[in-house]
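Shown below is the structure under consideration.
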Amino acid sequence: MSDLTTPPLLEIRDLHVRFAVRNGQVHAVRGLDLTVHRGEVAAVVGESGSGKSASMLATLGLLDINASASGSVRFDGTELLGAPPPVLRSIRGGRIGMIFQDPMTSLNPVLDIRRQIAEAVITHRQVSPRQAESKAVELLEMVSFPDAVRRARSYPHELSGGMRQRVMIAMALANDPDILIADEPTTALDVTVQAQILDLLRSLRQSRELAIVLITHDLGVVAGLADTVNVMYAGRIAESGPVVDIFHRPQHPYTIGLLASLPRLDRPDRELTPIGGVPPRLYEEPEGCSFAPRCRYAVEACHEVEPPLERVEASMVACSVLPMRSRTAEGSL
Amino acid sequence: MRRHVEGRNWSKVVAFIAVGAIIVASCGSSKKSATTAAPTGTGSQSTTAPSGTTAPSGTTAPAGTNAPSGGAHELVIDRDMDINSLDISASYCDTCQIFNTAVYETLITVDPADPNKLLPRLATSWQANTDNTVFTFKLDPAAKFADGSQVEAKDVKFSWQRLGNLKGSASYLMAGMKSIDDSDPTTVVITFDAPNSAFLPIVAASYLGIINSDVATAQGATDAADAATADKAGDWFLAHSAGSGPYQLESYTQGDKLVLTRNDKYWGAKKPAFPRVTIAEVKDSSSQLQQLQSGDADISMQISVDAVGQLQGNADVTTKIVDSYNYVYIALSPGAAGGEKLQDVTVRKAIKEAIDYDGAIQALVAGKGKKQASPIPNGFIGSAGLPLPEYNLDDAKKLLSAAGLADGFELDATYPDANVYGVDFNLMMQKIQQDLAKVKINLKLTPIQFTDWITRINAKGIPVTAVYFAPDHTDTSQYIQYFGLIPNSFWAGSAGGGAAGKPMDNPKESDLLKQALGSSGDAKAKAYTDAGQQMIDDEIIIPIVNTQLVLASRTNITGMHYSACCNLDLGLLGLAG
Amino acid sequence: MPFLLLGIVTIAFCISRLIPADPLASIVGVRQMANPTIVAAARQKWGLNGSILEQYWVFLKNLVRGDLGISFRTRKPVTHDLLDRLPATLELAVGALVVGGVGGVALGAYAASKKDKMADHLSRGFSLLGSSLPVFWIGLVFLFVLYARLGWFPGPGRLPPRTKPPGHVTGFYTIDSLLDGNFTLFRQCLWRLVLPCFVLGWAYMGQLSRLVRAAMLDEINSDYVRTARAKGLAERLVMRRHVLRNAWLPTLTILGFSFAQLLTASVLTETIFQWNGIGSYAVQSANTLDFPGINGVSLFAGLAFLLANLATDVLYAVADPKIRLA
Amino acid sequence: MSLLSTAPRLLVDVAPRSTWKSPWKRVTVIAGMTVTSFWLVVLITLSWWAPYKPLDAVGGRLQAPSWHHLFGTDALSRDVFTRTLYGARQTLPVSVGVIVCAVTIGTVLGSLAGFFGGWIESVVMRLVDVTLAFPPIFLAMAVAAALGPGLQNAFFAMVIVWWPIYARLIRGQVQAVKHRDHIQAAVSIGATRWRILRKHVLPLSFTPALINATLDLGQVVILTATLSFLGLGAKPPSPEWGAMITDGAQFFYQWWVAVAPGIAILTVAMSFNFLGDGLRDALDVRAKR
């Protein structure tokens, strides 16, 4: 597991991301804190629109032109927010690799995959095109791309979704990055393929001491891979902590709700309870706890004061009610 | 505030465009030096293979006595060409006159300075019998075709018979011919059915130029009676010529240019001055003017009078505005469908008096034109002393009241969409429409294509239309034959309603024409003048303007002229200095 | 496609025969139209006797043999006339395609990269201006200002006056002059192409740059562009290798279409710039009711359109891997 | 599938996703509306305030621009400025009429073809293919020449040129809309085909047609002038812009004769283009995204 005494590899503090839209702006990320250590797998979990992707794009300076980020993102001692483009470029694809949700659209349709991987190599290293190409084939083999030598000249549309995601991973790992940011890497894939990709990530992590930031809305993906879990809601961390604690002793009503909506093979008899309501639209700042409107434990204070993130046992939780603590008698889920 | 910023944006747009223009401009001016250097560069090029087909190389000019003036300078003439054929016997157009005269030669020709004076060309002498039915020509024994063979009587016979039998538009010139005797190679005797005192001027018409009959026959040409269908040489003549003139056809590209080369063996006294003459198709007046200014053209034939001012103060260019025999007219056709109101001659007279001629001449050709009394243009025998048309609005109104049409009526005016002799027909008809509106006659203008116009006017006539005319030769008879209300006249038929109607007839005109063709001197002039008055009284043809001509050339070009028979005789042109 | 060809041929034939004038008028002339024997002889000679259906049948039969008939006006085979003028028109259309294509892609890409900045507005204004200008008017304005008044550009025509065309090999003056090794002439011919090509290509440039700009903006937001940026690629390379490479694909779809359009829009340009190509041939044929000429030009236009579409499909297949292997 | 069916109508498909917030959009839409309404006001009120009459000879011949004659006079001494203003009465109604007719015919035939398919579709689309295989200028020239000159005949010629574009556009839209869920639902509950076509399919198909129509208006204005320029449109003496340019072309050095009508065409065509762009952004669902 991770070594908590060494300085963190990636440290995000008070990150805010705002999008300018037609009728004003959306405050998508509202003071995110996140720490990733070398070799650690940190999961960021939340519903779509909770700001998890936006915060990662902000980290790498990949936000669209209508978005702005503030706060601090330090990677291995370097401040990335506001860093000059050349610095960002050398880190992107060099020391931080990123893969995206939809492998269908994330590869350039008019270039063959060998060329796209080789491009990643060439961008960061002084190698000849030929060397880059053979490196690309190696990388394909590394991600268990079948028949890599022969199929390296394929175009994206000739590959299945799983294969394309392997190509994406190969591309992201082309320069032995310290961190892989995986933005919903399995969402668009079939269930069986999902498992293969997760296996691949797991083995890569072990063989290369790779830190992974795993962004997902699927707690099932988290369980098998992550060391720590950060649950995001409405642009903020609702709860974060070691995976075991989150799963077994969730503190935040939202986390509890998420887990309750998850089918579990070991408890087939349990009734699934979806969370009612919808997440707030962040056109304007919510008053009080942003989850309060959907929270069945909410008290009056919840609607007035936004709760700070506080340590509860091994986790950090942003909730003024903490239903689990008061009802420990009920035991676990 | 925002508004202010936007305003600034737009001023930047303007600035951007301006900067762009300047950049383009600087590129342009840097390249221009290359362009202006062109003539010298290309002059030397002319030694490379000529693209023409049979023409001898123009650069191998024989030295010595025959050395022509003008040296290596190639003449370039800008013209909007209207060529219908380069086969002299089938041709009929203004440009054809220039081509025919340069490449072929007629037996006699017209003095450009005096259209009523005939000069020898292939013939050294000629005479008519007393009743103008038999004409005898003595050919110059020195006359040679370009291939060196002698011009003989059989060539004359062949050329004239072919002209008549090909039945082209100019075939009317040979009407009434009975026989040609070519038994003596140097003497031509032609006999007519009826007196034809117009024939000597007709012989000077460019269409009567002489073809080398041996060469032409070898190419399928024939002068037989069925030549209209049996003659196969039309295509050959598009690329070749077989004449004795100072120049020969090198090549013709329709819509592009007509290229002539010097006939190095030209037999005449005045040797052709230019190794090559190019008549370039340049349609608009402004381009012709530009090219003349820059020296890209030596002669521009259709510079409009409104553009001439641009040339003032340019010592390299000489312009002269001279009288011509060309004119534009409107024609009233009582027999045409829709022209019923015109059957009353007072109505036609009223229309004639309602037109503001001076205003029209001002509007159409900036005053560079003359009024004309009858279809016989000013300067032709029979034109003198006839009353010029007068603008008289009051009288016109009175005449219409008398005809019971004081409240006006509507007339269809369909005319060819043409621009001839500097007159834009659209403008002219709008001007006439304006004028006639004052007597409450509403002209409905419809400009159509010329082909369409011919179809319509031949089918059932057109109540009011506009046309133009240039002489084919220097005798007045052509005007009576075409405009007079006599059998087979074009306008007698058209004014009577074309094929659907009945030709109009004014027997006096037939008589006067016969009288004129059978006489000479004053008697002939009197007959033509009387015929002119008759045609005025017909009130069918209303000449609007007898246009003047802009002769524009580089100052070093000598011999610029306008000829009644031949338009521009290229053989007379030279280079000064 | 055969149906289409037949349709084009038939419509061309019908249109020329619909015209209410008798083409013989231009053949035999004003003076002889009233003479029935001459008219009948000419009717026979030029194949205008017989019913319309018979004429149509003869026309089709000859067409199959590649014979478009003899032009009433030039008295030469129409196929010969068309081939003779094709190089002039192609030279113009290709030049306009280059001006419009290169200019359009560059302008569109530039505008997209400067989205909503001044440069974007200017280039969009410029391209919109191109599609709002009547070709015949701007041609005249250019001639008046840039040629007659300022003398920055050469006047109308393919060649400088007094210049002999280069030896006839291809008929393209630019190519032939190079083959002759005559660089002065080559430069002159090229220089004379500038104004007409620009006038002709401007509208196309406007159309294309709007298309490219829109496509670029679409592509800039696409996932694979984000991937390329995540690789650490410099923005310049992202634009060139990824955005433009995809964005110009849709421009291919209109490439063939535009080429056919240009070939025919040359009707006006050729008239204004006295370019002796197919466009002016079309106008002259129409003006003199030269039936074979009109039919020939129509057929040419239709064929050009078909071929251009075919070429587009082929090009697209080459450029887009999805189609190539599909 | 014929090759030609792939010929693009790109205007709608690749709408740039710029928002109304863009200053360019705002300026252009405002400019487009201003110029269009200027011409509309001119067209309606002109007779009350025009400095001269369009057909009257006033002042001298071919006078250069002055305060009395803003754009000079032509060869018949008519005021060019007045004629140019009156030109709007020729061109604008014709252009709008052409588009209205073309859209109507195209919509009827295109929706029939798209919705019913079968032989109707084959007939209509083959006709469309053949018509579109002719270059617009050439087809319009040929038809106008066959019918004879005159603005009316030019009008017919242009409708013949334009309807297939809309027929194809509407057919494509109808086909796309036809398979949407709510249409299928309507079919399944037994709505008649006519009703579905009228109530469900057409309203959805019409937006792109409207956008294209506005953009095409500018092109029709230009084509009208082009036909007149070639002598196939308005007959003299009507002050039609293209015909005025033809006149001006003869008086090359009296440049003012052709300048005003050219500017008129330019402003009208440009403002329709601006409006079309704006309309597309306002109406196109994709652009709003």
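So that you can tell them apart, the chains are marked A, B, C and D in the order they are listed, and the count of residues begins at 1 in each.
Keep in mind that, in the parts below, contacts are C-beta pairs under 8 Å (C-beta built on N, C-alpha and C of every residue); 3 or more make two chains touch, one makes a residue touch a chain.
In this text the structure is predicted, and so the values were computed from the model without any measurement.
Q: Going by average Cα coordinates, which chain is farthest removed from subunit B?
A: Between subunit B and every other chain, the largest centroid distance is to A.
Q: I want to compare two interfaces, B-C and A-C. Which one has more contacting C-beta pairs?
A: The greater number of contacts lies at B-C.
Q: Please compute the C-alpha centroid of subunit B, do the same for subunit C, then give the distance between them in whole Å.
A: Distance between chain centres: 35 Å.
Q: Would you kindly tell me how far, in whole Å, the mean C-alpha position of subunit C lies from that of subunit A?
A: Between these chains, centre-to-centre, one finds 55 Å.
Q: Quick one: subunit A and subunit D, Cα centre-to-centre, how many Å?
A: Each chain's C-alpha centroid was found; their separation is 53 Å.
Q: Could you please state the distance in Å, as a whole number, between where the Cα atoms of subunit A are centred and where those of subunit B are centred?
A: 89
Q: At which residue positions does subunit B touch at least two other chains?
A: Counting only residues that touch two or more other chains, subunit B contributes 9, 286, 448-449, 452.
Q: Residues of subunit D that touch two or more other chains: which are they?
A: As it turns out, subunit D has residues touching two or more other chains at 23, 27, 145, 148, 249, 252-253.
Q: Give me the residues of subunit C that touch two or more other chains.
A: 19-20, 115, 121, 144, 148, 221, 286, in rising order.
Q: Within the complex, which stretch of subunit D touches subunit B?
A: Interface residues on the subunit D side: 23, 26-27, 55, 57, 61-62, 75-77, 145, 148-150, 231, 235-237, 246-247, 249-254.
Q: How about subunit C: which of its residues touch subunit A in the complex?
A: 115, 221-224, 226-235, 241-242, 245-246, 249, 319-322, 325
Q: Which subunit C residues qualify as touching subunit B in the complex?
A: Those in contact with subunit B are residues 19-23, 25-26, 28-35, 38, 41, 44-45, 73-76, 81, 84, 118, 121-122, 125-126, 143-144, 146-148, 150-157, 160-165, 167-168, 180, 182, 184-185, 187-188, 191, 274, 276, 280-281, 284, 286-289.
Q: In the complex, go through subunit B and note every residue touching subunit C.
A: Listed in rising order, the residues are 9, 12-13, 16-17, 24-25, 28-29, 31-32, 34-35, 37-39, 41-43, 45-46, 48-51, 74, 76, 78, 84-85, 92, 167-169, 171-172, 228-229, 234-235, 238, 253-256, 278, 280-283, 286-287, 290-291, 296-297, 448-456, 458, 490, 493, 498-499.
Q: Which residues, counting only subunit C, touch subunit D once they are in their complex?
A: Of all residues in subunit C, those touching subunit D are 1, 3-4, 7-8, 11, 15-16, 18-20, 115-116, 120-121, 124, 128-129, 131-138, 140-141, 144, 148, 210-211, 213-215, 217-218, 221, 250, 253-254, 257, 260-261, 263-265, 267-268, 282-283, 286, 294, 297-298, 301-302, 305-306, 309-310, 313.
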